[in-house]
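In what follows, chain A forms one complex with chain B and a second complex with chain C.
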Partner chain A sequence: MTQTAVEIEGVRKRFGAATALEKVDLNVGTGEFLSLLGSSGCGKSTLLRIISGFEQPTEGSVRIHGTDVTRQPPERRPTNMVFQRGALFPHMSVRENIAYSLKLKRWERSRINDRVDEMLALVRLEGFADREPGKLSGGQAQRVALARALAGEPRVLLLDEPLSALDLKLRQQMQLELRAIQKRLGATFIFVTHDQTEALVMSDRIAIMNNGRIVQHGTPRDIYRRPNSVFVSDFIGATNLLRGTITAVEGKRVVLRTDSGTFHALASDMAVKRGERAALSVRPEAISLRRDPGATPEGYSVAGLVDEIIYQGNTVRVGVRAASGAAIWIEGRGDDFDGLSSGTAVVLSWAPDAAILLREDTE
Partner chain B sequence: MGDDMVRLRKLLPAAFVGAVLAYLYAPIAVIVIFSFTTSPRLSMPIEGLTLDWYTSALSNSLISTALRNSLLLASVSALVSGVIGAAFAFGLVALKRPRLRASLLGASMLPAIMPLLVIGIALAVFFRLMHVQQGLLNAAIGHVLVSLPFVVLTMNARLETFDFSVLEAARDLGATPGRVLRDITLPLIRPSIIGAALLAAALSLDEFVVTWFNIGSQLTVPVLVWGLMRRGIDPSINAIATMLLALLVCLVAASALLNRKKSK
Partner chain C sequence: MSSSAAPAAREQSRPHASMLPAAAFYIVFFALPTLCLFVLSFWTADGFQLIPGFTLGNYEKIFTSPLYRALMIRTIGVAFVTTAIVVPIAFAVSFLMRFVFERRGQFILQMVLLSLFSGYLVRIYAWRTILGKQGLLNSTLQWLGVIREPLDFLIYSNFAVVVTLSGLLLPLAVLPLYSAMLNIGRDDIEAARDLGAGRLHVLRTVLLPMAMPGVRTAFAFSFLLSAGDFVTPSLVGGAQSLLIGNIISDQFRGIGSNWPLGAAMAFVVIAVMLASYLIVMRLIRWVTTW
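Moving on to the complex of A and B:
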């Protein structure tokens, strides 16, 4: 991150009595692909609309490449937006749609045509220039919307769930295409999605939002491996949460008593005290399963009975019920679990650093 | 026997539909037919066909004055109701608060179900209180009042499916609000506005009650026909009615066509 493209400082947004954004601070680097990830209603679109100028923040400021744009109308900002359902102009051809911003900038006609052709090539829609938007498929329409938004070379491209209306196969293909285009152009993209897989696949960095706040941001890997809250660990990928009370703190090592047993974990940089409520997050794929009770690593294992086996094609999910009644899910390759059936007694264990200690979210 | 019953059961609905259609259209068909027959009296069988009633209607100076006034009022209604109604409906649909939107729409609809007699008398009394002489202007104001709710209603129905994000997209791509109106909004809703305006013209052309109370000594086609009818049925009335009918059918059909177009 050499230079900051977007600086959002202390942005708060109220709609009447309701608060959509609660003091948001966020920096986006030049050339970065940043995803705003969160469930519906958490304020993602509102934040994007504040960056693009369609909403005014109640408090706080937005700077783009060092210039304060908080009070600028959308048409003056160096940002362009790709809308959820394209929002192509239905009375203009694909070419006219892509050319619109260039016409407003009074480019010469031949230069506009060259640029439109270049954009059509970028989104692999050569030959579609004269189509009406009504005669495009969903995926093609979103490609045109992307070309239209990129034509004027915005300093920041904003995308509000542009793939959410497409079916899964096409969505996955477009994710990769979009990412490739962003890398090729070296452009700054801020991408809104509620789909955690999409965010993990595409982003340099993810900012996770909940209730109008950014609760964690970092690289996909960081967020997946080191969630900072029960909310994030639950939201990003599937996880097993073992909730209990801290009974001992021995240096970095923490002992947590839960209904399912007593577990050990490392309190990385979190200050914890005896008696506090906490949760342990263990990813399903980090758990290994054995049938012989043998020597089990104390503090990093739990015994139970197989409850459910779910085939997912290339992977299998196994639900194990601990003596306490808690269900623990593990996931692995199909042949890892050959010969298991409902009721088989098993022991689950994991590596010490696979268990992540999380403070319970305080509302 | 059973076969006859079955046939009867099949025929009965068809006969019923036929009767209803005859009830709806027979009087109109009779007028259209007799506007072309030679006999001045309404009688059967038809003796011969002629366009004399049309030439005599159009050469009658009273009738041509009435026709001119009617077309003038229809144009004013189309223009004024079209512009005000479209702007009002556009504002309504853009409102974010659904309750406010619904009540404003309801309020603008109310005159459409109010008896025309009440509107006509109320306007007449109002103009009297304001010391405004009866005349064409009063009638024009009445016609706009009567057609405006229908313009708002049709525009509102069309705009319900309007994708407002295209307007934001244009702003986002660098268009000022004025440019957005010119490049995007107007081209997209123009067919609907024209369709609604044609509807307003059609409503104005055959408006009688409100006109009668407010137009004073001036004439429109319906007012003139009413006067002529009091003196007996003149076949040129059939010709006038048929011309009015043709005009209205064209206006309403064009309006429906324009509103259907692009309403995807």
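Moving on to the complex of A and C:
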């Protein structure tokens, strides 16, 4: 087991009457790339600012490599931050920006220069040492901000939506670059984003936040495959939700009655009772479509009429309207759906383990 | 003085047709009168008669007269002390308006502007009623029992001149400083803290350099205006707190006036002010580089 870099225990944060964080517990391993993912206002930045020392938790504690830093000011913590808009010092050159923390540590000038050059090479900006920050592009500025934050070898690097101001192509390229740098250094990164694709692409582990709580954490694969709530399954990727009431439980096998029909599912590690409200989540790419209404696997299929066909280039999305009126989306390669048109009668089916049973959120 | 010029100013370094009106205004209302005054400072006067010529006599008189020298030194002293009070307070006020009061800072700004509109003389008289022998301060202190007799250094003294000038100039210094602070983001300060800078170091390496255009203007306002003022010393200053401005203004009106001598005095003051300004700016630059 790897050593724990950051331990957050029972952290609560109130701003006046409003609660921004509600009892957050989180451990981050050394060398791990952890993303805090959630929609705007859910408390991601607040949590990051509590780790960096810019906010004090109302309750709870933060430990970094075993040391309690809850009461330490930001300048004393072994963390560094990459800000959303870079926050490079405009009156200093790129070199002076990167050297800032090293000068504070009273490194020797030659050692500082070597380190700055090393950092510039790391972010592939070798020729830019003497530029003014005002004359950098958005992507370059964020790379300098990264170099500046990494120069002093922080034990934990915190990044608050550092790529959100960049356009899509550059953002995707920077995601891979950032991940590569993190792996090369073996550094601990805590990365805040509201973009689920970004979190899936970059992270070792994702913590999903909602209303000031961490609602689920795990590897991207775990979270995508085994969401533990309707909120998470809806937030991560696209999914079809079939909502209804549990009518029978036999061991792990559960029968759920919905407006669109009766379905079977496995309650993997969740205790369920008859009569409870629940939802079935089926990913669009896990559903297959047939035109002949022949033998349909009972409990794992639904019939309907094609409603919409959307070409997305390499993939196609098809919207099917079930007899109940519910819309179900499926997604596949373009030629899977050749000859389909609006109004075609089809049968949708999925493998038994593709349907995930979720308890309805109690809010 | 180029390192921290605002980016907007940097872009306009090439002369541009749209600058012509401003340039014309500057030449007609500033450069020409200054040039006239400069030429005049080498002339002589006989009663009300101006006699053209070229003599350094006026300058010689200024540098050899103990009275003028004393006045000059006192003026610079008062200007320095006033500026040393005004600029740091204005800096702190602007910082609070920008980063602590935030949106309410705009309200404070409007109050500051309003106080400027209340008029120069009115404000000097207001200070007189505060500092006077039976003024607000003395009577309050007496009522509290802190003092028995009125403090007489409060009015008609160098102290009164400095306090009144500071009160007059503070709002004027807040304006450029607050506007400079608006260009500093909270994340600029946080980035510095995050990288290991303590509060004092943030002030020295981030706040001060980034607010430099405002500091320069605030410094120039309070230093030049307090050195050039002659109304304040004549209303709240005593016989020992006249400033060079009072003597200069005497050279331009009434019996015993001497325009060429006044012009020469004005130029000596301008030169000394400019030199002091440059020295102080150099000093600040030295403090903020590390």
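To be clear about the criterion, the second predicted complex is superposed on the first by the 362 of 363 C-alpha atoms of A that agree within 3 Å, B and C clash if a C-alpha of one lies under 4 Å from a C-alpha of the other, contacts with A are read in each partner's own complex, and residues count from 1 in each chain.
Everything that follows uses one rule, which is that a residue touches a chain if its C-beta (ideal position, glycine included) is under 8 Å from a C-beta of that chain, and two chains touch if they have at least 3 such contacts.
What you see is a predicted model; the values in this text were computed from it and never measured.
Colleague: Following superposition onto chain A, is the placement of chain B relative to chain C best described as a clash or a fit?
Modeller: Aligned through their shared chain, the two binders clash on chain A.
Colleague: Where does A:91 make contact in the superposed view: on chain B (first), on chain C (second), on both, or on neither?
Modeller: both
Colleague: Pick one for A:183: touches chain B only (first), chain C only (second), both, or neither.
Modeller: neither
Colleague: According to the stated criteria, A:290 is in contact with first (chain B), second (chain C), both, or neither; which is it?
Modeller: Neither chain B nor chain C is touched by A:290.
Colleague: Once chain A of both complexes is superposed, is A:134 in touch with chain B (first), chain C (second), both, or neither?
Modeller: Both partners.
Colleague: Where along chain C is the clash with chain B: 56-64, 146-154 or 164-172?
Modeller: The stretch that clashes with chain B is 164-172.
Colleague: Please write out, lowest number first, the residues of chain A touched by both chain B and chain C across the two complexes.
Modeller: Common interface on chain A, chain B vs chain C: 52, 54, 73-75, 79-81, 83-85, 87-91, 100-101, 104-105, 134, 148-149, 152.
Colleague: Provide the residue numbers of chain A that touch chain B in the complex, in ascending order.
Modeller: 52-54, 73-75, 79-81, 83-85, 87-91, 100-101, 104-105, 134, 148-149, 152
Colleague: Going by the contact rule at the top, pick out the chain A residues touching chain C in the complex.
Modeller: Those in contact with chain C are residues 52, 54, 73-75, 79-81, 83-85, 87-91, 100-101, 103-105, 134, 148-149, 152.
Colleague: With touch defined as at the start, can you tell me which chain C residues reach chain A in the complex?
Modeller: The contact residues of chain C facing chain A are 3-4, 7, 185, 187-188, 190-198, 201, 205-206, 209-210, 212, 290.
Colleague: Spell out the residues on chain B that touch chain A in their complex, using ranges where they run on.
Modeller: 163, 165-166, 168-176, 179, 183-184, 187-188, 262, 264
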